[in-house]
């Protein structure tokens, strides 16, 4: 797994993750809770998320090359850290499972494909799995390729629908009191906090002057785009909004006219679906990382097994459990959502403190250890973290490089980070010395 | 093994084109041995026989080397292995009495094709020279364009039986040292009997396990190779092949054409590149989307267009997927046959194929007109990037099956899978999709949107960062 | 040792083949999970007519039917398929069962409701369409006198597909003629808003306007034209009344989106001393409704600004684009006359609105948007709020 992501890629991913998947059943669901004011609920949730994001960014700034598992283990004990990771894993898996069930509903109802869950999910999981196992870098690059097309699709859908929208449908604002808006926000909270994936990039991300501003700017941009689409949706459908199962299929100029152009908007819908796939990749990558931290898995094979188990859960769970009802009744409207508040809000808000304590408690471990890059991903990531500190980039010339030709267990890691160079050099000399003495022996 | 004339002659005893002449000069016997088929007789006369016969003292290796064999490339060989190698390379060996060494004189008389415009990369403007099969000529063509001390050439011999000379060329300060080292190392590690073409070497240098995506450039024009070298790439010239390999290779190079640089309007180059991109998408996706729309998402089609399709597909005996596969298959058979036919026959074959197979099949109600049209449009698109025609053919087939079995979601997932795979590819540290993913703004100046040559020149210092193993954030 | 190695490699080889076989089997299984339907197996529906007779819904679907033209090429015609059932979905299902082809509503652009549907709650009937993510929400909905099936059995002289012909008349020419259209989503949504009222155009088949010479062209369908100048009003999904042509014009006059109407004026001071009836068209219109609660009573002020031009012909038939550029051509006399006519039309529409107690001007919607729950409470206490509303109309003719 190569988890190094460039800053530009992270910005694009942030926009895609914030907007992707938010336009399936969520607007209709929120309209059920908060009616025409559901866009205010959405804005409220985004504001809360922005606060959490700022705390995460602060923590990243404070962080000295440690990964999330190290910070949590240092501060919350190994057991505490494992519990947190277990909640994270469940959170990410349920989020994506719910999202993909909604996606399937969209595909079934609007794209008139008649299929079953397994036939739908297996090809999806293959594509997601390939990227998960390749690491976060692949997702970043994928985002760079697809972002333009997704963005154009969103703009076209917005532009084509805009002229049909009656924005007075949003009035009167907060007529039923702020309690309804708050209730709407509370019940939909499970579907937010997308930016928590960022905590899994702790140790691989560095801060420079503009990093925080750029990332939070991308978040705000994604949030504005999502709220705008929700506003257009509510303006178009008014009282009918709550009855819609998939806002994405409804918000379109081609849907709202009786022109003979067919449903060309479904081309944009299909392109937009790629943002859901990208989000699924990122979240399932985070879920895989969470589980790998729980079981101390650090090999490529181990990650593959973890992902295989996740796939099994994806295939089997919706077949044996009424998952949609479970998510709606137990999580969204039930007590389940409070269970996830710990990872959605508590951990991000406490992260600067935890990072500070972790930094205080122990100095960062040796960053330049001998490592087998195929087998010791943990070490590799730490190396990347070191690299980023060295040159002020997330992915740059400081990536962990392995010398070709050397057997995998004898590979040497080198980095351009200044601090790391010294240690790297020391290790190289040490290893060379060992080789020489071994030969002599 | 030490030098022994008898042993040498015994080794080549079954060579009917081996010529052995014995000369006596000042009482000393000289044996001149050469291959009649590889050497030019006038060169032997001028550079071997005449100088030796004009010698005014007893001939020795030193005498010959210092005094008389000045006309050509000659060297002393002192073991049987080297002697055999030089001999088979077209050199004439001179054996001396009472000396275990021999002198190899270059009297090669091998005929090579003249430097001409390559048939696969014609340009409307710009240089028309193309590489030929001689490695020396090819390196000369490059050196002619790069008159700098930084232009370096490293020679490696590959192939146990063919002893093919492979020249690795690069510009010292521009090419990444590690990349050069890696390439040379990889070539040296190649163990095979014979290297008959550069494609043999390319297979070893291509890191893509599936071998579907081309990660090694193959160019027939010296001006193009020179421009690649100036970008920091490494060229691999193989003896016997008119195709020069360039590394690292990125996908964007497929979209570039020499013509883009020889016309002074970058806008036309930009439009041409966008058209190539569209053609690629058409070639790979159009049949898939057409089949998917017919089988799953007919609502997406404009009503009037749907009316046309419904009336066209009425009575067609094949299901849409099979119909499209038949069209693709027919097109591929035609293309394959056309490529191997003599030019005139090929032309008539195209016409016959288009008329008989297209029109007649539609008239007979075997295929629908839109399917033939889509197949043809996609087929034309395959040639927008000629180097990738076979890859696109394969992808087109895969996508058509995906579209016909899973619908547009299959096409989307297929696209994402291919893109995911492609973005994960790296060629000697250079991401295959650079400068798009990862994004490198200075390299983007000559990616899809081409900037004017002055701007490119100004940004020369920063350009092709990805090729040099550097990525910006 | 070697034997063992050989056995291992053979086992590995078999495992590899088994894996490939498994992959292929999974691929086939996934592929078979997607149900494919060829165009030839579908009945692509362009428009549907819904009738209600003897407690049974009858759905008439106009489907695309490819045929051979006389020149040898293919020609597309439309055919009618009819299904009956206790509900609309069952009637559509009946078409599938009786014709063997799956009626696909993805291309449907027009729904025509028969006269019998006036007894039905249209919210219930149309919910089948509007709550579907696949069906277009922008489908034009209209009502007809008589049965929808009868209308579908007629044809226009210029368009042999009745759905396209009616769509063109009702919806597409809405900006150039004084007909008004409504679409599915808007109709249902308005029924659920505080005004609870919406409208549907009424389609009337007029056989007489087709010249005798043309009538023999179609063997199976009766040729004629369609008059769509009136609208039916629905409250809470139920039919409450039909506006006359003048009332409809008055209603359209106050519509913000519709801009066209024309008036006949006796010109006393005509150009070049040519006197007589002249046609005046609306070049542009800015209509609006101002609502207020005054002294505990709703007050509604309709205001509109109209720009008039004398009608002159053009080559494309688009009258508005070729209206004269000189504003003083419309005299004060004409302006006054038109103003009077407009006021009469609007007043007629308002009177009808109060008479049938249907808020098709959407006064309650606007009141709710302005006053929020305060209006909701008022409406609850005063269900006959239209009777208590004070109306005023202000017409301005501008140059």
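Just a few scattered comments:
Order as written gives the chain letters A, B and C; numbering starts at 1 within each chain.
Here, a contact is a pair of C-beta atoms (placed from the backbone, for glycine too) under 8 Å apart; a residue touches a chain by one contact, two chains touch by 3 or more.
Not measured: the values here are computed from a predicted model.
Counting C-beta pairs in contact across B-C and across A-C shows that the higher total falls to A-C.
Closest to the protein's overall CA centre, chain by chain, comes A. Centroid analysis (C-alpha atoms only) places C farthest from subunit B. Look at where the CA atoms of subunit A average out and do the same for subunit C: the two points lie 44 Å apart. Subunit B and subunit C have Cα centroids separated by 63 Å.
Annotation for subunit C: residues touching 2 or more other chains are 30-31, 34, 104, 106-107, 109, 134. Contacts with at least two other chains are made by residues 296, 299, 303, 306, 406-407 of subunit B. Of all residues in subunit A, those that touch two or more other chains are 112-113, 120, 123, 260, 262-263. Residues of subunit A that touch subunit C in their complex: 106, 109-110, 112-116, 118-120, 122-123, 168, 171-172, 175-176, 236-240, 243-246, 249-250, 254-260, 262-263.
Those residues of subunit C that touch subunit A in the complex are listed here as 26, 29-35, 104, 106-107, 109-110, 130-134, 136-140, 164, 167, 171, 183, 185, 188-189, 192-193, 368-373.
Interface of subunit A with subunit B (complex): residues 6-9, 107, 111-113, 120, 123-124, 126-127, 130-131, 134, 138, 140-142, 144-146, 260-264, 266-267, 270-271, 273-274, 277, 393-397, 404-405. On the subunit C side of its complex with subunit B, the touching residues are 30-31, 34, 36-40, 42, 44, 46, 64, 66-67, 74-76, 104, 106-107, 109, 134. The residues of subunit B lying in touch with subunit C in their complex are 294-296, 298-299, 303, 306-314, 319-320, 404-407.
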